[in-house]
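What follows is a pair of complexes built around chain A, which joins chain B in one and chain C in the other.
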Partner chain A sequence: MLALLFILFAALAVGCALAVVAQRNPLYSAISLIGVFISLACLYVMLAAPFIAAVQVIVYAGAIMVLVVFVIMLLNVEHEDSRRTRVGFLLPAALVLAAVLIAEVAFILVSVDKASFPSSSSSDIGSTASIGSQLFTTYLLPFEITSILLLMAIVGAMTLARRARELSPNARVIPGAQLLAANIIDPSKALDDTTAIETDTVAEAAHLLGITSPRDPSKRD
Partner chain B sequence: MDWQLILDVVMKLVAITVVFIVVLFVVAYTVLAERRILGFIQGRLGPNRVGYGGVLQPFADLLKFILKEDIVPDKSTRFIYFLAPVIATMAALMTMIVYPFGPETTIPFINKTIPLVVARFDVGLLYVLGITSIGVYGIALAGWSSNNKYSLMGGLRSSAQMISYELALGMSLIGVLLLSGTLDLAAIVGLQSRWHGSSWFIFAQPLGFIIYLIAAIAETNRVPFDLPEAETELVAGFHTEYSAMKFALFFLAEYINMFTVSMLATTLFLGGWNVPFADALFGRGTFLFGLISVLGFLAKVIFFLFLYIWLRATLPRFRFDQLMSFGWKFLLPAAILNILLTATLIVVGVYGYFGY
Partner chain C sequence: MQMEPQLSWYLALSAILFTIGVAGVIIRRNVIAMFMCIELMLNAVNLTFVSFASFFQDVTGQLFVFIVMTVAAAEAAVGLGIIIAIFRNRESLDVDDANILKL
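Take a look at the complex of A and B:
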């Protein structure tokens, strides 16, 4: 029963992983990658690690891949034609890495003593409580370092997203907002004056800024 | 073969089928209730012709969905266009199995005590959150594969909205987790059976409950957060190009999601199947107690469904920038504040004093 399920999910994972590489459409690759993550989550459940499985689905399949799909949809990249030209040096590198991986697997299969592992049914290694207590006692330092690393990544993303030179401090950035920058409404304004003007029409914004409207408000369509 | 194993598998299959059918019936009649209640609030009648007072309207709707022509846009991405409604419906249905809708009950005639939950496992709550986060692909891919600007806008909006509100939703539940110390939904409900089944977590977590309620409405793309299908701006949003049964699947998914988040709110905040003082009247473990508990659970869920319909009839839609700034600048900080507050109160011992 368990062996059958393992073969099913392992085959799904390998098949989806092959599809990630083989697909030409980036969105198909992304969907295949989601398939890989979900199959891996199923394998984690079978290894008595339900917490890892749930986190795998929430973080990778639910958050990161949504962003990837989001970006692919936004950029609308359909085909990548120039793949053949770049593949030249990648092929030998891939072969070497694959050989290393196969050697590793062979080493584990041949020389690691299987009897020393606890059976999956008797241990509580994968349970939520044991992961939590281990994370905050034995592995506290790596945990804290990782969180600081993530904090740095967030701050870095923020500084990259709002560059101080182009945005004045009072400018607001709200994703998807219908905001107009002052330099869009009035060309005579300084180029770095991107004070946000929140209005419904350009004429209204011009009125608010005390400048002449590029269009006659009475002839507005 | 081991007969006990086969019996267990058969029992699980029966349980899944029963839950599936009940969910479909509840969804069908939620749609009818929504149309009738909207009609009542807006001073008109609503559908009341098919059957007595319109009780057969859901079946008439289903027949219409089946018989309609299924139009596929010419330049759509075929495979994903077919896959999207399947993902949406499947992700919505998969969460149904972890909710405990009643206590352990002895069934009369066969005299077997069974827990009234399809599957109980250690990380039930995380499972729900994980599957819910998969559901966004249904909408996003539907929007992309339709090859329609309105659909794409709807899909993009829904991805952005669901990612943003998922954070607040998850954070608002952490207060309950801190109090209960487990992710197992059945255990969380069990903790709320003290004080004769009235130690509901809503009394300990009022702020968390309100944040969860708002974020849950946004997660299900309902009014006032129905930006992905804002019909005044986007025709019908992500399902503009969908017709017949494929549209029905999206419709189904939306209402199942409503049902799911209502069940989660009931389970975590309103005591699940706990009916106050039912154990004093009937005694735990009896069949009557089980029946009252299941009915109590359904009543609480129906209250939330009614709340959804009521909100739809009364509130106008958000603008997209308002939606985003509300989610990130108000709801998320409020959820973090709730976590800090709860942790502080636990350490100080206030919750312990009140018996949580």
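Take a look at the complex of A and C:
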């Protein structure tokens, strides 16, 4: 019975993982990734780790994937264009990866085959109480370091996603838009003239500045 | 006879998921898709941690999974911030377009 459940969820996880890689639309990849997370949470329940399973659903399938889907929607990503395929370069890499995977799985199946899980009917490993007591006694230092890491992540994400210039409250915010100071475009203007000139695309900004776009497709190697 | 799932089954599943993630990072050129493949690899490692925690009846592995999830959340926030910054400057999510540091 447990073996059937394992095969079901493992097949679901592998299928969804293949879909993550195979889909061209990032939104479909994200939804397939949620499928992987949910099936892994089911496997965690089978491994007597209900707390980790709940955290997996809440943090991964909830918070992180909402963030990813939000960014996909915000940036309005369309299909990945397939103009430049690098199959010649990828073929050896794929062969090496396949060899590594086969060696890995063969080693696991040969050397760890005798091991089966201890009967865990009475243990409280994986309960919220045991995880919490260990987290706040033995592993208190990693826990505190994690809090500093999260603070750094908050500050870093705000710094990265913020615009370089102050915006007026009624300014339009367009992803990919550029703001240029007026004296860059017209050097005759005074340096303390802080009027911003807004363009919608990088190409438009480059045209205003009188330079060719660095992303000119004709110059790509 | 009832078949019970064994430790090696979970480890093999974890290896397969990790390899799919590595292949995705190599194959895909969309930076958001590469990001999701990295999340897939982190989850494969988490599965290994939880199986060994259950096998050895030790809670330490599950605590590591907890920490890994926190790091993954921080990585998601910073990584998506970087993605937005790249898109704002380059108008593209193709990693081949972000080659200004390449010699």
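By definition in this document, the second predicted complex is superposed on the first by the 119 of 221 C-alpha atoms of A that agree within 3 Å, B and C clash if a C-alpha of one lies under 4 Å from a C-alpha of the other, contacts with A are read in each partner's own complex, and residues count from 1 in each chain.
One rule holds for everything that comes next: contacts are C-beta pairs under 8 Å (C-beta built on N, C-alpha and C of every residue); 3 or more make two chains touch, one makes a residue touch a chain.
Predicted model only: the values in this text are computed from it and were never measured.
Asks: Touch check for A:128: first (chain B), second (chain C), both, or neither?
Replies: first
Asks: If you stack the two complexes on chain A, which partner ends up touching A:42: first (chain B), second (chain C), both, or neither?
Replies: In the superposed model, A:42 contacts neither chain B nor chain C.
Asks: Quick check for you: in the superposed arrangement, does A:57 touch first (chain B), second (chain C), both or neither?
Replies: After superposing on A, A:57 lies in contact with chain B but is clear of chain C.
Asks: Applying the touch criterion given at the start, work out whether A:10 contacts chain B, chain C, both or neither, answering first, second, both or neither.
Replies: second
Asks: Examine A:160 and indicate which partner it touches, taking first as chain B and second as chain C; both and neither are also allowed.
Replies: second
Asks: Could you figure out whether chain B or chain C reaches more residues of chain A?
Replies: Tallying touched residues of chain A, the top partner is C.
Asks: Which partner does A:93 contact after superposing on A: first (chain B), second (chain C), both, neither?
Replies: Only chain C; A:93 stays clear of chain B.
Asks: Which partner does A:31 reach: the first (chain B), the second (chain C), both, or neither?
Replies: First partner only.
Asks: Thinking of the overlay built on chain A, is A:67 touched by chain B (first), by chain C (second), by both, or by neither?
Replies: Both partners, chain B and chain C.
Asks: Can you give me the overlap between the chain B contact set and the chain C contact set on chain A?
Replies: On chain A, the residues that contact chain B in one structure and chain C in the other are 51, 55, 63, 67, 74, 175-177.
Asks: What part of chain A is in contact with chain B in the complex they form?
Replies: 27-28, 31, 34, 38, 41, 50-51, 53-55, 57-58, 61-63, 66-67, 69-70, 73-74, 127-128, 174-179
Asks: Across the complex, what residues on chain C touch chain A?
Replies: My answer: residues 2-13, 15-17, 19-24, 26-30, 32-33, 35-37, 39-40, 43, 46-47, 50-51, 53-55, 57-60, 62-63, 65-67, 69-78, 80-85, 87-94, 96-97, 100.
Asks: Applying the document's contact rule, which stretches of chain A touch chain C when the two form their complex?
Replies: That would be residues 1-3, 6, 10, 13-14, 17-18, 20-21, 26, 29-30, 33, 36-37, 40, 43-44, 46-49, 51-52, 55-56, 59-60, 63-64, 67-68, 71-72, 74-75, 77, 80, 84, 90, 93-94, 97, 100-101, 104-105, 108-109, 112-113, 115-118, 120, 123, 125-126, 130-131, 134-135, 139, 142, 146, 149-150, 152-154, 156-161, 175-177, 201-202, 214-215 of chain A.
Asks: Which of the residues in chain B end up touching chain A in this complex?
Replies: So the residues of chain B in touch with chain A come to 77, 80, 83, 121-123, 126-127, 129-134, 136-137, 140-141, 143-144, 152, 155-157, 159-160, 162-163, 166, 182-183, 319-321, 324-325.
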